[in-house]
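Both of the next two complexes hold chain A, though its partner changes from chain B to chain C.
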Partner chain A sequence: MTETLKAAPVSQPVLSVKDLKVVFHLRRGDFTAVDGISFDIMPGEVLGVVGESGAGKSMTGTAIMGLIDRPGEVTATSISLKGERIDGLDEESMRRIRGKRIGMVFQDPLTSLNPLYTVGEQLIETIRRHLPLNEKQARERAIELLADAGIPDPAGRIDSYPHQFSGGMRQRVVISLALAAEPELVIADEPTSALDVSVQAQIIKVLKRLCAQRGVAVMLITHDMGVIAEAADRMIVMNKGKIVETGPVGDIIHRPQEPYTIKLIEAIPSIKSQNPRYVAAVAKGEVAIGGKTDAPIVTVDNLSKVFDLSPSLFARVLGGKSRKLVNAVNDVSFSIQRGQTYGLVGESGSGKSTCARMIVGLLEPTSGSIKLEGADIWRDKEATARRRQKIQMIFQDPYASLNPRWRVGEIIAEPIRALGISKNATEIGDRVADLLERVRLDPAAMRKYPHEFSGGQRQRIAIARALSSQPEFIICDEPTSALDVSVQAQVLELMSRLQEEFGLTYLLISHNLAVIRQMADAVGVLHNGVMVENGEVEQIFSDPRADYTRMLLDAVPDIAKVA
Partner chain B sequence: MLAFILTRLGQSVLVMLAVSLISFIMFRYVGDPVASLVSQEASIADQEQLRERLGLNDPFYEQFFRFVWNAIQGNFGISYRLQTPVAELIMSRLPATIELAMTSALIALVFGIVLGVFTALNRKNPFAAGIMAFSLIGVSLPTFLIGIGLIYVFAVELQWLPSFGRGAVVDLGWWRTGFLTETGLRSIILPAITLSLFQLTLIMRLVRAEMLEVLRQDYIKFARARGLSKRAINFSHALKNTLVPVITIAGLQLGSIITGALITETVFQWPGIGSLFLSSVAVVDVPVMAAYLIFVGFVFVIINLIVDILYYVVDPRLRIGGTAKGH
Partner chain C sequence: MTDITPSAPKGRIGKIIDSDVFYSYRTSPVAIIASIIATILVLGALFAPWIAPYDPFNPRTLNLMNGFTPPMSESFTGNFFLFGSDHQGRDVFSAILYGSRVSLMVGLSAIMFAMVLGVSLGLIAGYRGGLTDTVIMRIADVQLSFPSILIALLIFGVARGIIPPSQQESMAIFVLIFAIGLSDWAQFARTVRGTTMVEKQKDYVSAARILGVKPIFILIRHILPNVVGPVLVIATIGLALAIIAEATLSFLGVGVPPTQPSLGTLIRIGQQFLFSGEWWILFYPAVTLILLALSVNLLGDWLRDALNPRLR
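The block that comes next holds the complex of A and B.
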């Protein structure tokens, strides 16, 4: 704080917001999304705004930009940019401020660029709108901006279309666009949430470096406390449209004052905290988790999957294109002990989900074997039948994995009916009620539809469905990545308790290393379809052998890293 | 690009072969061609001789091959009813249908897109709401009713426009056009409006829905956040994305304009290929029907080909070699 003040002798904030309110006038009454918040951002400062979904943090950014559409209404005592009022301006004057004086970066780089124009066209368009440059000068500036954002060969890539860039590269393009006209403030709304950890770290660095070089103030909106810890100087914690707490990042993370903040920070798993079961085992003197003698429940041997993405024969012959085979999973072997959790980590495209889909029987392996209690589930007919009952799956997106036209009771009862476990309607009803109770939901929920539940509750329904066939092995593919941190903590806690209650075995797939460290007993690290490291969780997290694992662990933005 | 077009061309040839097979089966096996050709007094022996001479006793594939070969050369046989070559008959009627269809397509596309964009951008405007309500009529009223209604109002009551026929035509040697005479131009107005109304309202509603969808996208929000002008956002960013799906539907609709001309041509006694088909159906003039079938198939295949190529031009994501590269 004091440093930023020194850096700007004129202690006039870049942005000063006083009593900002955003109200949506809906048919069923007014909904207040942002409820009278006030804050300042100093020149060169990175202000983090954190909160769970529905806290009103994105709404705050959008309101400052004047981008709230009807039925939303923005009122504020004042919003000033360098002392100049910008609230209540007409559309045309606001347009001169957007892009020119306030730049914006959105969450999803896949959707924030127009797919039909080259990145160069979009950059030049923005530059020429705000700066008095001709086409050629604007193009030169665009190439400079792309180079600054760390895009290799910018002069060659400027005429590429957005789909020709990877997610991280696209977000760099979006950052160049936001900085195109030398704004005084950048509002970054979840700039890294859609990206892999290693890419996430690079993007945070690029954003911080570019803004520091240019003396641009940043309002960094995110749900990820780790990102704030890594990047921000000062932070605001928001809940239900109000500011709960504000102060320097280190102070809030180490000494939160408000009960809400304390709860929020407790809920965040850190990659620095050891696995609780490992700690308990050490305390009891049973450190040798490695010395398991029971036969593993699932064994994966030399598993490979090749996808044939070749162009059609005709195109190959005429266009001179060659065959294109992708090794999604390449010679992967591991085994999972009964009653344990095996964590599979890796970035997008590393083959984790392909592995999961082969184990659950959705995708046939190209070679290698998957054995359930010693029998190959792809070759042995009987094992295939057993697989259906014993292996179940929980998916990432609880909004998409439940049929919206079915009642919850029917959704949970489906595996029971499909596998012929029970045919008696009352018995099925009792079972469903029991399952709902076990996932801590009211049995009356079975008569409702999925849309009547929140994300966390829906994921509980998905868990109840997975449990209904009385499986022994559950594959959880990113079960909490669509959820808020406090909800994530509840779902993980529920999963641990169910594991003890039913003696379940989990295969937990996640890109979130902190979640893996907290939940798993053993871990496999996948990189481009190859298993680069495999072993006990604490051994891998405290003493990683593979370079890739080390890079991954270093890249994670984590609250424990804050000074 | 070349490989893509050649692949599509190859597929088009396959489709045309399938269409001609159906057409051939109809031509050869719906009724006995010999019975339609000879008089009732002809002896069995004479009929047999004719059958042999026409090659009707040859194996199926040989007959089919001959049929396709003749069709490629534009030889579709002789009309039973008019005793003139079918190809000549079709060529004499084709200009009328093509001129009518193209005029209708132009009306449908221009007004459909303009009105669609207008109603999407001004949702609260009472005039836009009026257009939307009025468009329901275009979608729900049958073509013949609209045609008769227009004739009643503009030809019978107001007497502004002719109620039937094509007016005077100018012979350009290979094409007889109605566009060069005043009566010709006046005559095309009512049938063109009748034929285009359904397509116009369909395209308009489609453009409106697509445009509203596109305006909700993140890249439009981002374009606004970059401070771009309203015109740049609406007409260069939003409209281009809107047109991607519209091209497909509009293309297929243009095909159905040509086939749908059948009813309009009958209502307005337009001397086109549709009315030729209808009068041939009445007397089971099989060669004309078979040729019409091939013609319609051909039109659809060509339009699909053009739509595919347009798609390729508009949407860079479909171009081959456009894969993501490294982090």
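The block that comes next holds the complex of A and C.
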């Protein structure tokens, strides 16, 4: 299945990898992370490497840079950079290649920059280490690089520290840093995964433009097929340490050959496909989905939350200049119909999680009201009890939302015990087993600990826990963003089925617009704590009114955009 | 990615033998040797009345004629002394067995006391935050800025003043435990507070709060099990320190009463005879103390590495 491009006589590949293997020697035996892969990258080419977690894609990049530590072992027939062997070099020679000939861009821009030095100092240091320039020339070059990467007012910003830049700007700085020594190859490992969609699109453009201008080859490692579609020329699909398929991006996305690739591409929700329930409703001749039911289950009116981030108690009481208030959620109103899914969309810092925490009762609102079936949930003890009974939550990170020291059975039974629904051990056991079956897990799982399960299975356990107290309304805060696409599809499918089975109402919070379009009946768009748009799903996606929504929709990288 | 297929271990013992901690134990010679030494010393202390050839605290069996017998030799009365005898004709070996008993008992109790106090306060400080946290942790800071032996001395002195003289003898051991324990809680509180602050941010705590689980239950049932790892490590290393602290106090003469000598008391008695050539009276108790403290300390070190793979 591995395809090695024949080296064209005119141009030599920038990077040529032959039969690369990365093996970790562990005490339970050898673990092969990368299993004999071969590929070439031509000058000026962007090679996308895509795969799910554990596919070995990052390991490939790390191995090429010679950064695998014990107990890992790298073996390869050859790794050559412009025809020169770089595998098996000693640490000192490798260090000279890294930075100078191979630039690196990592996922988290905050950790790839030293917080104690200004951006300029870091750029100038890198430039002078690798290029014969004096301080002044290096500074000029650094300003040029920053300007190229799209940093406004680079001459003024060069003496700022990394924390004074936003996430997107910081990643631009990291890209300038990677290109500072005029490398022949840039290895970018998930360069946009930590960024918001609107910023992500800009960063991909910058990376692509800069590399094209300089003729730099790029190895773009990502789990996001949309990013590959947008940026790469050729792509490699990896699974379990092996190359499954390789070829031009358009070919693979439109005509995938291997079953694994086909499955992977089918699992990606597209922002272009209409809401299935809406389509079904239109086919039946109904105008709106579900239709307006009598009374909404949850109504949020003029909800606001102000965080006081003043540095000291003194400043809080006295007020004045040092008082720092943040309006996380500002005058937000919406209502959710029974049995429907309300999607809340927004970028990081838009206040969507703060909203969720207020509705579920973890945070008290500064002003405004949240009504559950007409009664304010913050009013009195009785209302609180009703809220606990009827509202549940599913969290983003299935690794942090399950107590690692509890058995799965205890975790799922916690709501039953805490709310006093049942005290009978056998009855609880039966219910837990039933719930596990409903989320498609073996009831024997109740005797195991969370670490024995994969991310997707853990999220199923979290769903089972949320269901165990028989709530009517479930808040799902980014339920699939920590999961691989194929697993995401399964979890979303499970959520839809459970919704029908139990007549649940969902508040689905996500930054992934495609997921929202597929799942939600109505959608609210949050921006900096303000609700900029609120309406039915197809109206928002096909005919957005607010500029912000339009911008957000345009920014989403989509595999359908590939020619 | 080829999956590593672990040969599924059967049963509880199989699981323990297969666990990473046990593997790290098996492959660490230091841990094995330290645990063997510690086990021998603990067993010796535990079964002192059955192992000891003499009862060193029964005045009727003591014979001044046996005084200052060198190690591995017989006295005038025909009694054999492995580690020699002291000025009163007491068998040093037997005294060490009984002495480690007192040392271990005081050390263990003190560290348990420190652990319960420190973990509780750490949990509360970490979970409540704000003013509670500030008050508890500032007290800990103040205390940590003094050498803990000084604190123990201070507490011991104050207790002496409060307790009526008639009960001082019988209360001495409890005062000692209290003094050492109270001087040691801050370490636990600091570590537990840090871990608690991390854990309380995690979503499993949020999930419990949504259900209205009371903070005390969240602390005990959810957070506590997740902080025991580091606590065990500090407790083990702390045990060595507590044993030394007890020995120090006893050496200074403020520890256990002379009728119930610990290793520290034996060392204090022995050092009077060091320069007159009767070295064994000091030497053997001192070596025992070193072996005990060192082996427990090494075990603690190993445990820390085994429970935290990142430090390896």
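Couple of notes before you dig in:
By definition in this document, the second predicted complex is superposed on the first by the 538 of 563 C-alpha atoms of A that agree within 3 Å, B and C clash if a C-alpha of one lies under 4 Å from a C-alpha of the other, contacts with A are read in each partner's own complex, and residues count from 1 in each chain.
By definition in this document, a residue touches a chain if its C-beta (ideal position, glycine included) is under 8 Å from a C-beta of that chain, and two chains touch if they have at least 3 such contacts.
Nothing here was measured: the structure is a model prediction, and the numbers come from that model.
Contacts of A:360 after superposition on the shared chain: chain C is touched, whereas chain B is not.
By the touch criterion defined above, A:380 lies against neither chain B nor chain C after alignment on the C-alpha atoms of chain A. In the superposition on chain A, contact is made by A:33 with chain C only, not with chain B.
Once the two complexes are laid over each other on the shared chain, residue contacts for A:108 go to chain B alone; chain C is not touched. After overlaying the two complexes on the shared chain, residue contacts for A:331 are found with neither chain B nor chain C. Once chain A of one complex is fitted onto chain A of the other, the partner contacts of A:251 are absent, as it touches neither chain B nor chain C. Using the contact criterion defined above for the overlaid structures, shared-chain residue A:164 touches chain B, although it does not reach chain C. In the superposition on chain A, contact of A:241 is made with chain C only, not with chain B. According to the touch criterion, chain A has no shared surface contacted by chain B in one complex and chain C in the other. Of all the residues in chain A, the ones that touch chain C in their complex are 26-29, 31-33, 35, 54-56, 240-241, 357, 360-362, 384-385, 388, 391-393, 395-397, 400-406, 411, 414-415, 418-419, 465, 469. Residue ranges on chain B touching chain A, taken from their complex, read 2-4, 6-7, 10, 217-219, 221-230, 232, 237, 240-241, 244, 314-317, 320, 322-327.
The touching residues of chain C, when paired with chain A in their complex, are 1-2, 4, 6, 23, 202-204, 206-213, 222, 225-226. The part of chain A that touches chain B in the complex is made up of residues 65, 67, 91, 95-100, 103-104, 106, 108, 111-118, 125-126, 129-130, 161, 163-166, 168-169, 174, 177-178, 180-181, 199, 202, 311-312, 314-315, 318-319, 321.
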